[in-house]
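Two complexes are shown next, each including chain A; its partner changes from chain B in the first to chain C in the second.
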Partner chain A sequence: MFSLLRTMWNVFLHAFRKRETVLYPEVKPYIPPRWRGRIILSRDPDGEERCVACYLCAVACPVDCISLQAAEDEHGRRYPEFFRINFSRCIFCGFCEEACPTYAIQLTPDFEMGEYVRQNLVYEKEHLLISGPGKYPDYSFYRVAGLSIEGKDKGEAENEGPPVDVRDLMP
Partner chain B sequence: MATIYIDNKPYEVKDGQNLLQACLFLGFNIPYFCWHPAMHSVGACRQCAVKQFRDEKDTRGKIVMSCMTPAADGARISIDDPEVKEFRASVIEWLMLNHPHDCPVCDEGGECHLQDMTVMTGHSYRRTRFRKRTHRNQCLGPFLNHEMNRCIQCYRCVRFYCDYAGGRDLNVFGSHHHVYFGRYEDGILENEFSGNLVEVCPTGVFTDKTLKKHYTRKWDLQTAPSVCVHCGLGCNTIPGERYGKLRRILNRYNGEVNGYFLCDRGRFGYEFVNSKERIREPLIRNKDNGALEPASEERVLGHLSNILYFGAKVIGIGSPRASLEANFALRTLVGPERFFPGISEKEHQLTSAAIEILRKGPARTPSLRDVALSDAVFILGEDVINTAPLLGLALRQSVRQKPMEMVKRLNIPLWDDAAAREVIQHEKGPLFIAATHGTKLDEIAARTYNGSPDDLARLGFAVAHALDPSAPAVPDIGEDLIPLAQSIADSLKSAGSPLIISGMSTGSEAVLHAAATIVWALCRDNGNAALSFVMNECNSIGLGLMSGGSMNGAFDLNKAFDLVEEGKVDAAIVLENDLYRREDREKAERFFERCKHVIVIDHLFNNTAAKAEVVLPAGTFAESDGTLVNNEGRAQRFYQAFVPEGGIQESWRWLRDAMTASRRPVQWQSLDHVLSAMANEMPVFRTVAEIAPPAGFRIAGQKIPRQPHRYSGRTSIHANISVHEQKPPDDSDSALSFSMEGYEGMPPAPFITRFWSPGWNSVQAVNKFHCEVGGPLHGADPGKRLMEPTVSGEISYFQKVPQAFEPRKDELLMVPLHHIFGSEELSVLSPAIAERTPKPYLAISREDAGRLQVDQESELEIVISGRTYRLRGIINPSLPRGVAGLPVLAGLEGITLPAWGRVGRKA
Partner chain C sequence: MTNDIIWKLIIVFGVLFVTLNVAAGLIWLERRLLALWQDRYGPNRVGPFGLLQVLADMVKVFTKEDWIPPFADKPVFIIAPAIIVVTIITAFAVIPFAPGVEIVDLNIGLLFFLAMSSLGVYSVALGGWSSASKYSLLGGLRAAAQMLSYEVFMGLSLMGVVMLAGSFNLTDIVNAQKGLWFCIPQFLGLVVFFIAGIAETHRLPFDLPEAESELVAGFHSEYSGMKFGMFFVGEYLGITLVSALIVTLFFGGWMGPALPPIVWFTIKTFFFIGLFILLRASLPRPRYDQLMSYGWKVMLPLALLNLLVTGGIILATGR
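Let's look at the complex of A and B:
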């Protein structure tokens, strides 16, 4: 009997405590920047598409929800002709981000992706590509890679010597 | 056998090997770069180091290159010794000093031997701070990309290209760390086997340019065991598909056939499968406006049941580029006496003659491996590099057989490639080439001879007569021919395994007879003497065997045309065949005019399909299963690599549906049913079903997957169409599945869908699939020989020696000139091959050019059997007087050669 009354009293007291429930969506919770939410494709510091369509994210994905097709543009840069993520399958493990050698694919703190129609969870490149570099503002793959593209000739990447003159016999 | 000790455990290995190959084939992983199973060792890369000990007591040992050390009896080595491991790690670190940061954009990535070896040695972090050496790339033509920064100086490319394939325009330039592998200047790589650099180069320097246009990683390709359809040799291939498009062809090792290599026609000719000219839906001609219009399968079958009603007089025209199964289904539908092989009268005659010679005579047809081991070769009337390219590559190895004796005498191991080549220098074994014109292999031939087809036959008979005086003598033989014939005969006679090569391309039966007579004369005292005929198409022999293989000539396209002309035909079914390529244009036109109903089953929209009333979309080699018989008489199975979109299905399935619709029912549910029906009906195909296990075959209850276990995008590829994943298609025809699930271990040899093994992502994984260099795949090399010679019995030589060729005054004898790029019907539709295809021309001899007063490139007017062609003239000094060469190219098809033609300057 006593314990019953005590419980009721305690419950009554809770009515005057500070509220723990966050009134989402009016109030947005704090999400740490390394949260693994909605996936985006970023651009390099020059504003070009970072993704070089290397297929590493696709092969790393444990649920195989990424597919793309590589192509090459007129400047010699590789890019994905299409890039599709089926978010109804994605488990937000972040393996794709870990696998990506160009920092193109990144997971973001956005988790608000609910849909009534499952088909709407299929994102194409136009839904994924953002206009900035995301978490890695400075990195540009082509400045490091040996492949030449328009505006960056052989020997102009970081840590590269000028192209060899094969007919030169000097030691 | 020798016993070697690896980390103190004894192993039995075959004699005469080096440690590297012995260890690799025992299943050990030793990293290596410059060693290649076909090109052996040079010790250039220093990657394959192991530690060798003098005896049990020796604990210090010394580091040796395993590829340069014999696996001698009692050899003791350690692969895992810490010191040698460190040595190997340093070697790869040095090799990587200048390596670009390219893997994500490198087409080799995911199947890169350098990646594999780097992982194997454990080198993972770049320590050097210095600048990387860079190179400029070259433009090498439509087949290959060049990215020289990625080179690790293993020298494999030049060793393959120059030493193995006889190329001259790729080499190594510069010195020290500047060495450069490329051409003297930008330009198309000329060698016909350049595509093999894709597989030979262990890095991404040479990659497939056609693949780059629709680039896909190896782990994403759905692949199946297949057979090349672009010539009569039947090289084994691995076609790879992604998103419904064929992406590339890789070599599939078969010790008896193509070994480690393919030719460029076979490797880059695949794109016809993706062509815009593909027929993808059934079409019916609209009676009112005459246009072909798409129709549903039911409508088409309903229409067919009307045309093919029971009792209708239906003929079937088969094809040498369709599978045995498809031809057999057609033969079943129309009945054997109404089945025509669909080749010209002449080709039918030649094919029948070839089959008869090979079956009734005592000489065996060699596999390509046997060809490479022949020590004296006489080519009679073939330009093998252009008509059967890989045979040419095998011949380039055969001329090394005789000089290799010197290497053996000096006790130099045969795998010590640099030493062996040093000994051999430019020494060549006997190869004699007699052809209508100069050929590319002339450069390695001991003697060559150019003459008209009749003169070639006469030379052949003269050789036979020199070998056996009871063979017919050649009347009025020229003084110059006697010593030549004698020296050819002497070389063939003294050889251990002599080989005669002839074929279809001269279009002369006398040449085939002469070749047979020579080899039969040899067979009297050398059972090893072999005879190889080059056939025109991938299933020429199969079709020949099916249509009886007899010389009576009862069946050929002309007979079918005659039947139509006489009004004895209600409907004709044309199977995967463009009749305009086979016979004279007028005859073909007449056939379509006179035949009431023409049904065409094909995969490409060609002139024949354009005339049909009903067109049925057939699967190409990549979209269907079937069996092809190569020139050796080896029946080989190819399997469907992917399920195509649209109404495409296998030709035999269309024919089965047509039979069912027209009340000629057959109980064929799967390929196995067709195979067993074929075996029952035609005993010659009895063993065809045994080429591979049947569709019900399972390992550990599982099918063999066509997709690698790391295939990506399974839940995303079709998500744009529907987010609900579909079940993968069933395959009722084979033990392969269209899925990544299934048996992951090593499949039986006929079901090898790709070469992969843990830690070996590159094509070098092939070493895990067979047990010795150049040896058979585990189990046995797939394929069944359908023709064996008759060994007992008297040989009766062919007696009819043709008259010597007389040049005519106002006419030239047109002989066909084949081109590796351009002469084959399907591969020319691939853009890369089309780029290498020459423009039509007429080649004339220097004398005739002088007589007709034409210069190089002048415009000529040529009249052959009433038709006029305008072609540019090319002077080919190798052609004999009175003979002109007409290339086999688009625009010049349907001319039966050789034929006389008048040539004049354009008015």
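Let's look at the complex of A and C:
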């Protein structure tokens, strides 16, 4: 009987404790920078799209929520004609980010994506593409890759020697 | 004469209005208080302090599908939730809220209350029976057995008060508490009545008929929509009724210094409502056989002892 009364008293004392609840929409919680949230497509420092439409993200995606179509522009750069992520399927696993060879697709610390209409969760390329370079500010794929595009031939990339003529015997 | 009737009508509808609103408001109060004691906030979004949560809940419960299971005993199933609300509201008729503010001044007011609260059991038992499902039946059975055993000493625990006041009339009982509230000479009676009151309203330490963790939702497992809501309103009305009665019988009813009588009555009643909620926040539910043996082996002898001692003292002092 005494223990019951003591329990009641102890519970009553909780009235003067600090409340643990974080009042969410008013008080934002701390989200770590590596949080796997809303997916974006970044641009390189020159403002061009980083995505080269290699389909690796679509292949890596375990729920098949990414679909895209590759195309090539007049400079010889590949880009996605459309790029679509169905966020009602996405499980935010981050495999697409790991698979991406050009740091184009990145996950951000934004999770407030609620929608009333399901169709609004399908993000097209214009919704995904941001204007900045995201997590890797100085990286530009075509500047370090050996691929030749208009205005940059083979051997002209950073840290790259001129191409070797394989038919030549000279050292 | 006409003024009298109008005054009575005002009281009748006033009491009806206030009690129903208090019962609805208790949903909010209980959730807020439970949250407070669990270091949470509770409903605080809808309206100021979340007060309009009640309104939102009501809109919700009225628009829910009101489903009657095909295997249920239909007429009984429909009438069961109404019984608890009707009986408890009827019991409010005899409670004196302030001098002159009561619906009927019955000379057997206390017996009327006991009769009405006993009738409320039919609601739970019939609701459990007519649902024709295992869990509901178990809940209904438990409710019937629990009420049967707790009703006995609920009545007995009040007899001490009746002996001291020399009347079954609740107004007389309140008037007899001028100078000394009955909570001191009848402390044992208060404890026994309070415990019986919890069992009567099947609130948490004694909510065996509901017992969410074992019986789904007990006697109202099959209920939905406003029928479920009626059981809920009935439960909260019951808390208000028992709190108001504890105040009337043991804590001097409307009496108190400075403030107007009705305010004192409200303050005291809400104190006990808060106590009910604190009980729910802190105590675990006993096993069913523990509940029964506790009732018959501890509370009943205590009530009888209280009766005996009170009777002896009255006989000795000759008052």
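By definition in this document, the second predicted complex is superposed on the first by the 161 of 171 C-alpha atoms of A that agree within 3 Å, B and C clash if a C-alpha of one lies under 4 Å from a C-alpha of the other, contacts with A are read in each partner's own complex, and residues count from 1 in each chain.
The definition used in the following text is that a residue touches a chain if its C-beta (ideal position, glycine included) is under 8 Å from a C-beta of that chain, and two chains touch if they have at least 3 such contacts.
All values reported here derive from a predicted model rather than from experimental measurement.
Of the two partner chains placed by superposition, only chain B is touched by A:122; chain C is not.
Of the two partner chains placed by the overlay, only chain C lies in contact with A:21; chain B stays clear of it. When chain B and chain C are set side by side, the one touching more residues of chain A is B. In the superposed model, A:131 lies in contact with neither chain B nor chain C. Within the superposed three-chain model, A:8 lies in touch with chain C and out of touch with chain B [touch as defined at top]. Common to the chain B and chain C contact sets on chain A is no residue at all.
Of all residues in chain A, only 4, 7-8, 10-12, 14-15, 17-21, 23 touch chain C in the complex they form.
The residues of chain B lying in touch with chain A in their complex are 100-105, 109-110, 130-137, 147, 149-150, 173-176, 178, 180, 212, 214-217, 219-220, 243, 710-717, 719-720, 722-724.
Chain C makes touch with chain A in their complex at residues 36-41, 278-279, 281-283. The residues of chain A lying in touch with chain B in their complex are 52-56, 58-59, 61, 63-72, 78, 84-86, 88-89, 101-102, 118-119, 121-122, 124, 141, 144-147, 154-155, 157, 159-164, 166-169, 171.
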